[in-house]
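Look for chain A in each of the two complexes below; its partner is chain B in the first and chain C in the second.
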Partner chain A sequence: MSSTAIDAPAADRFLSGPWPRFLGRRLLRLLVSLWVLVTFSFLIVHLVPGDPVRAALGARASATSVAEWEARLGLNDPLLTQYGDYVSGLFQGRLGESLQLRLPVWDVISERLPNTLQLVALAFLLCVLVAVPLGALLAIRTQNGRHRGSELGFTAGAVVLTTIPDFCLAVGLVALLGVSLELLPVAGDSGASSLVIPVLALAVGPAAALARIVRVEMLGVLGQDYVRTARAKRLPPRRVYLRHALPNALTATLTVGGLILTSLIAGTVLVENVIAWPGLGPTLVRSIIAKDYPMVQGIVLVYGTLVLLVNLLVDVALALVDPRSTVRES
Partner chain B sequence: MPGTRHAATAAAVALLALASGCGSGGGSDSTSDSTSRAEPAAGGTFSLALASDPGDLNPAMTPSSVARTMLSLAYDTLVFQREDGEIVSGLASRWEATPRSATFTLRDDVQCADGSRLTASDVADNVNFITNPRNRSPLLGVLVNPGVRASGDDAAGVVTVRSPTADGFLLTSMASVFIVCRGGLDDPRSISRATNGTGPWQLDEAVPDDHYSFVQHRGYAWGPDGARLGGPGTPDSVNVRIVPNITTTANLLLSGEVNVGDVNGPDAERLRDGFTTIDTIETSGETWFNHTAGRPGADPVVRRALATGTDMTELANVATGGNGQPSRGFITLQPNQCSGGDTVSGNLPAFDVEAAKTLLEEGGWRAGADGVRSKDGRALEISFIYDAKGQDARTAGAELLASQWEDLGAKVELRALPEAQLNEQLFGTGAWDVAWATFTFNLPSQMVAFVSGPTPSEGGANFPAIRNEQYSADAARATGLVGKESCPVWADAEVALLRELDLVPMFDSVNKTYVKNAELTSVGGQIWGSSLRLLAG
Partner chain C sequence: MSATNLATPVLTSPSRGRGRGLLRTLLGTPLGIAAVTSVAIVLLLALLAPVIWGDAADAYHTDALRQGPSAEHLAGTDSLGRDILLRVLVATRLSVGLALGATAIAVVLGLLLGTLPAVAGRRVGRLVAAAIDVAVAFPALLLAIFFAVIFGVGEVGTMVALGVAGGPWFARLTLTLSASVAARDFVAAARVNGVSRGRILLRHVLPNIGEPLAINATLGAALNLLAFAGLSFLGIGVQAPSYDWGRLLNEGLNGIYVNPWAAIAPGVAIVLAGLAFNLTGELAAQVIGRRTREKAPREPLPGIAGAAASATAPALPVATHGGGDDGRETLLDVRDLWVRFPSAGRWVAPVRGVDLRLHAGESVGVVGESGSGKSLTALAIAQLLQEPAAVSSQTLRFDGRDLRASSARQTRAALADSLAMIFQDPMSSLNPAMRVGPQLAEVATAHHGASRRSALAQAVEQLAAVRIPDPERRAHQYPHEFSGGMRQRAMIGIGLMGTPRLLIADEPTTALDVTVQRQVLELLSAVRAEADSALLLISHDIAVVAGMCERVVVMYAGVVVEDLPVAELLAGPRHPYTRALLAALPDMETPRERPLATIPGRPPAPAELTGGCPFAARCAFASDRCREQEPPLASLADTGAGHRVACWHPQAGAVGAADVKSEPETETEAQR
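Coming up: the complex of A and B.
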């Protein structure tokens, strides 16, 4: 009884606050985006000029094979029926069958997706672990116009690293660390050492960009009155920077981090191809070349869903870190 | 006749796939014993890079050269064929053959990977599976002719293969038919992603589009000419890695992470030292004319003028990046029982631009104000399609050819198409005039369906719609002859095509397979699994 008495006002406060509306709007936006994504991936097959099955199997394929695959893909049904079947199939975890590999699309994706996510997660982790301390340290070191050399060196280095495309960096790392020095495997997944090149290639550019943003945000925060007050109270510098300054500098960092995470997902497509990583990237490229539309559909759907989910999570995380944004939104 | 149509289409599918696989570097289709002075290594993993996933692993249902290269590790054949064409023992210890039948006596010690014993009935059922039209095997009409039937006497261990018509390559064709064990025959789906054969290596792990791992078949002793699996340098396992990117393959070879891989183009420059190579001749400059009525290629004068107005030496240099050579015939894959001949030299017109223009002029093709010739109100417009295969040099070659033909008064539209679209044009729409399409054969009989008989619209594979009575007569005569006896007649048939310039082999290119710290024997794209050796690096 007492707990109910205590919880009821809390629940009331939550329901009457900005959070339900915020979460509702975000979820609705996610659902609409997912619907657009599903519809787009469905239309991929139908936007292809000519007969997609004939294109995929080749003109040499017998009419029987083509008819068999058209029936298997349901391409002879009315468009709305096909759309309905496609959507209901998604709810049942069915993404169709690969024309090239003759395997269920989901089997292929579920086997390769963890490898892609592994790269994304490690690259993002490396990016954050390097960028946040580096950016904060540089901000502290260069605040009030001190150590101009460090500032110039950092800025120039960060700009250069940011402008190198991840796949170019991957090629360079393979040439240097794999082929020339023979320190690391040049391709494929043969253990933990195989992760070094792709993770570095994916993380270096975003880490440099993120470090610049962290530095700028940190510089802004270090000039705020409350930081000056904390210093005037002779609080230990570590406490001033870690407790008072850094958390307030992370709002923009989190926003950019979300964008970086989504760009990392996209970046894996090329980097995985460079190093023949057993992720979704090489399969996507080969499926596009082979006109394996069910596979392309499935992978596009998975990539798109990942990006949408990351965006949702970043929005919620931002709202938690900076509740004012929730209020403004609502 | 639906069955006939189906067989022809299947044959087309299979041979094209074989050819395209070679073209994309999917396997070494030449013969080679790579050699080295290095000491044998103590075990380890033999790693082989293939350019694409093999797809379906059922050997009776896949025409892919990539798949056949890999499956040759896990499946044996009744007999094997050496580089020089000699037949040696495989699953069969003895054999006798005539153009209408072949009898094979099986070894009595052959064990399948699942522990079962291979019987004569099992072997016969393998052949009958391919020739049963209901199974729609793409190998029907390619490796085994329609109508061939096999029977097995389990007690005597004898397999008899009979052909309804004389077939000079009946014995040779059995060197290409992989034998599946009973478990796979009874449940074909079980071998779509696994293997069940008698070969020296058995598939242990399959990760499609990434890698396939093989382990030793213990006790294997029925390899080519009685070869056993074992001895110094024999690897513990074989790893087939799927590496579509040529640069990555070169990197893997350089770092020693793979032992064998195909590399062509600029990346080959990086592989000069420390490698042995296997060279494969590809008919990459075969120029096909569309003979359909109304197409420029239907006019023999146009074909002769275009061939005469082409500087094939310069073209070969440009289109292959200096890695080409003049064609000597249409059959380039080994083992080729009729190899050594040269049907091309002397049968193609010499390069002479003025003579080419005169031919066109005399043939009624008059130049218009815009320089483009026309006849009876029809302009000499040529739609030229080709597969660039990712090679810039090939595109440059196509542009050179177009410019040479435009000098003669033709208007050439170049279209570089991906392989799938190229085939769609050739076999489907027919909307093309001239094409560079790579077809690679090791038996002259494999070519017949593509240059004679019904067209695709009639259920056949004769996509250029060639009607050459001399070729058809010679081919029919050659089919009934055995072995090398047939070679002069097959050569006559090829010459018949060349004289009419129905098909012009302008140049060949050399596909290179690089081998590092290893030895292997590969014949016609099939690896002799018992020959794999690792060498100390």
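Coming up: the complex of A and C.
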């Protein structure tokens, strides 16, 4: 068989299969959600009680500078015109100008976003690398009600670890590793050692939660008929677990994995503030407190888009792992 | 329910009065007591701490600024010399109160949004549901931060923001829960009776989702407690001079080099309070969704000690079975096979001493009702039963090998090629996340060291051999793209990837259409003949077995009650149960106006066995002896050695109407 002979039917299979419709529906959903997000971020300025510019510049700002900023932000135009300007500005990559920093919002975001993404990616990786093997191993160990001690210990530990919020853990780690033992830098970004505390703080709780889910899903899958079939084929246990059980356990896990990834994005806002990480989190908080609305709008858009993209990725990954989900969803 | 309602068949909501039961169950375990007590302590502190220590927590100790822990100030003091521990205790009210407030807002908003689709029209409902779906895609904390921009920095604004952020989540929950309740019978009954949508919602749906909602509200309160602390920590929530745990944590972090305890104490408070709510919610959820699992009983397995001993003994008197009765090689020799499961602290045995022998190339059918132990027998022989099942036997030899003495690895190696299983439901027995081709091919790669490519080629060949059209294309498809009959063919194909000496087919056609059943059975016969393998066909259908097999083993309540050649099955079996099975079989002469013959009653469950013949209660010929003594399986004086019966009153002659015990009138009356 030559490779072209395989490729042509593969392409046909793709086009005639459920994938094009599935992807189309997913993209449509993404677009609708993005539109909701953009509209929400646009409305922030208008939903704030009182005069947003006056609130941002403070009571002592002169009437002329307030008027000037209002004009610059286009707040005197009709609402629909403002909306149109806002959306068309977004298409050209214009997010407006920070009232506080007097810098283009996009410049601030593009400088800080990579640092946040770095934390999210590393924390998620750590979380998955720990939780999936741990949960799967515990499922195998505790299946059919064996080793109830390990089950109890694991569940108790996982509940406690899940309950410790990331920012408290970050403070604890700073107190222990940074202040008491002086092993790691306490704040800021000074190389790889600075990553340890925020990544650990972000990953531990979600990893515990994910491991619990993996264990439960894996337990369910181990009782399935097709796992019995795999055993009846006399496959080595490793192959039964890795090739037959785990992929099926991961389909449900993926959904939760997506939730965890999005909650990690939210968690960075807090953890970054604990250790003064040069990411988007501290900027968002400063902007909210300073009522720097253009900056807030821009960051809301970025975080929101990030969440939506993760959701899309999870859906596609889910469809890849579980081919039935492309058909099932409607 | 009032008496007037009795006339109409009203299915009542099943949830009435379960709430109190939940709390009582929760308080029945030490962990539950601990969880509920700790929530009570947190609430009590929230109520009383500001009253008791409110002033003391605000007192400045100018002589003790930013001090570490001391006897006077257990967690040290802050930058104004105020006692950290007292401030943490007093902050309980604001921390917990705001979290509960936010949860209340979220629940109310969620209930309003979530029930809107049920009350409003279809179109509005779908719009609301779609909006909820968009909103729940975002993490609540992120939404809360977004909303805090609008509602304003400060404790009230943040509480509303957090509540509104949690609303969609509770709405989603309400939607899901009420959808599952709405599908249940009593709601359908209410709808048929013309009860209005609003009333159904209030009277039937909401009471039934109250419990899970309450549990999720508890879990939500835990999350909100943590989230509010986070927002206050960021400076968005509670503002000075008010303070909650998050605010204290923030202040503590600023002075962490001087007194780490100023940061640790509020952090610990946050975790403990969160844990109290979380644990209570988790335990309550577990109480509701509890799966009963059986622990292995403390009593030792009956008889298993002897079996283990005989397993190590090299030469067994019974193992002198090399040649077989008529000179054919014995392929499978099973004696006194028991399968036991733990139940309520005891062992129950669904399979009780089964004897089974198969010659090479022989086809034997095992018939019996569901629960007779036939499938368990098959799985035990194939070494596929796992804990908590306990298998023991006097002899378990296959293809010249003692399966009891082999390690798991040896068993795998020995059975990989020589014993194939075909399972009942091909939909659930094939891996849904794996293409069909590789599911066959992996047998070749795992056991024959074939390359992936050649294994896949073999798999395609095998699919063709089990008459799957267009096998090349089909090999690339997933099981859900196959029809039921094709799945079962693929399943047979998996079994034939090796060179099986024994095929065990466990109800291979039960899940299939009647027309497809015949095709699959014909295929099974053909491939068996081709591969010259023996067949153990497990079925509840005596007609199928009679058509496919040379010998029939009839099982009832875990024992073999009759073992006979098919020819004698047609001439007239001896056991009343076998005869009743045959008599219950409709044929072309069965009058259509008569109801189908059935065997009244049901087989006893393993735990109900009393020691007599298990069929006695349903048998027309049962005597006192039958009820007291279990008959052994043995040849009768007038049968050959190949026909064995376990009965004190064996019957003879052709099967007739007398073999079906007539159903007493009273019993049928009572059943209605």
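Here is the rule we go by: the second predicted complex is superposed on the first by the 310 of 330 C-alpha atoms of A that agree within 3 Å, B and C clash if a C-alpha of one lies under 4 Å from a C-alpha of the other, contacts with A are read in each partner's own complex, and residues count from 1 in each chain.
Methods note: a contact is a pair of C-beta atoms (placed from the backbone, for glycine too) under 8 Å apart; a residue touches a chain by one contact, two chains touch by 3 or more.
Values in this document were obtained by computation on a predicted structure and should not be read as measured data.
So, on chain A, is it clash or fit between chain B and chain C?
clash
Quick check for you: in the superposed arrangement, does A:304 touch first (chain B), second (chain C), both or neither?
A:304 sits against chain C, while chain B stays out of touch.
Of the two partners chain B and chain C, indicate the one touching more residues belonging to chain A.
C
Just to be sure I read the superposition right, which of the two partners does A:179 touch: chain B = first, chain C = second, or both, or neither?
The answer is both, since A:179 touches chain B and chain C.
Please work out whether A:230 is in contact with chain B alone, chain C alone, both, or neither, and reply first, second, both or neither.
Second partner only, chain C.
For A:165, is the partner it touches chain B (first), chain C (second), both, or none of the two (neither)?
second
With the two complexes superposed on chain A, say which partner A:131 touches: chain B (first), chain C (second), both, or neither.
neither
Output check: A:289 vs chain B and chain C. Expected answer is one of first, second, both, neither. What do you get?
both
Have a look at where A:274 lands relative to chain B and chain C in the superposition and call it first, second, both or neither.
both
Which partner chains sit in contact with A:47 here, chain B, chain C, both or neither? Use first/second/both/neither.
second
Could you say whether A:33 touches chain B, chain C, both of them, or neither, answering first, second, both or neither?
In the superposition, A:33 contacts chain C only.
Common interface residues of chain A with chain B and chain C?
174-175, 179, 186, 273-274, 289
Would you pull the chain A residues touching chain C in the complex into a rising list?
9, 13, 32-33, 36, 40, 44, 47-49, 143-146, 148, 159-160, 162-165, 167-168, 171-172, 174-175, 179-180, 186, 224-226, 228-236, 239, 243-244, 247-248, 251, 259, 262-263, 265-267, 269-270, 273-274, 284-285, 288-289, 293, 296, 300, 303-304, 307-308, 311, 321-324, 327
For chain C, which residues are in contact with chain A within the complex?
The contact residues of chain C facing chain A are 131, 134, 137-142, 145-146, 148-150, 152-153, 222, 226-227, 229-230, 233-236, 249, 252-253, 256-257, 260, 263-264, 267, 270-271, 274-275, 278-279, 282, 293-296, 382, 384, 386-388, 411-413, 415-416, 420-421, 423, 425, 428-434, 442-443, 446-447, 473, 476, 478, 480, 491, 494.
Any idea which chain B residues touch chain A in the complex?
My answer: residues 6, 9-10, 12-13, 16, 52-53, 55-56, 136, 192-193, 207-211, 241-245, 248, 251-252, 254-257, 418, 420-421, 423-429, 456.
Which residues of chain A touch chain B in their complex?
Spelled out, the residues of chain A in touch with chain B are 54-56, 58-62, 64, 100-103, 108, 111-112, 174-175, 178-179, 182, 185-190, 273-276, 278, 282-283, 286, 289-291.
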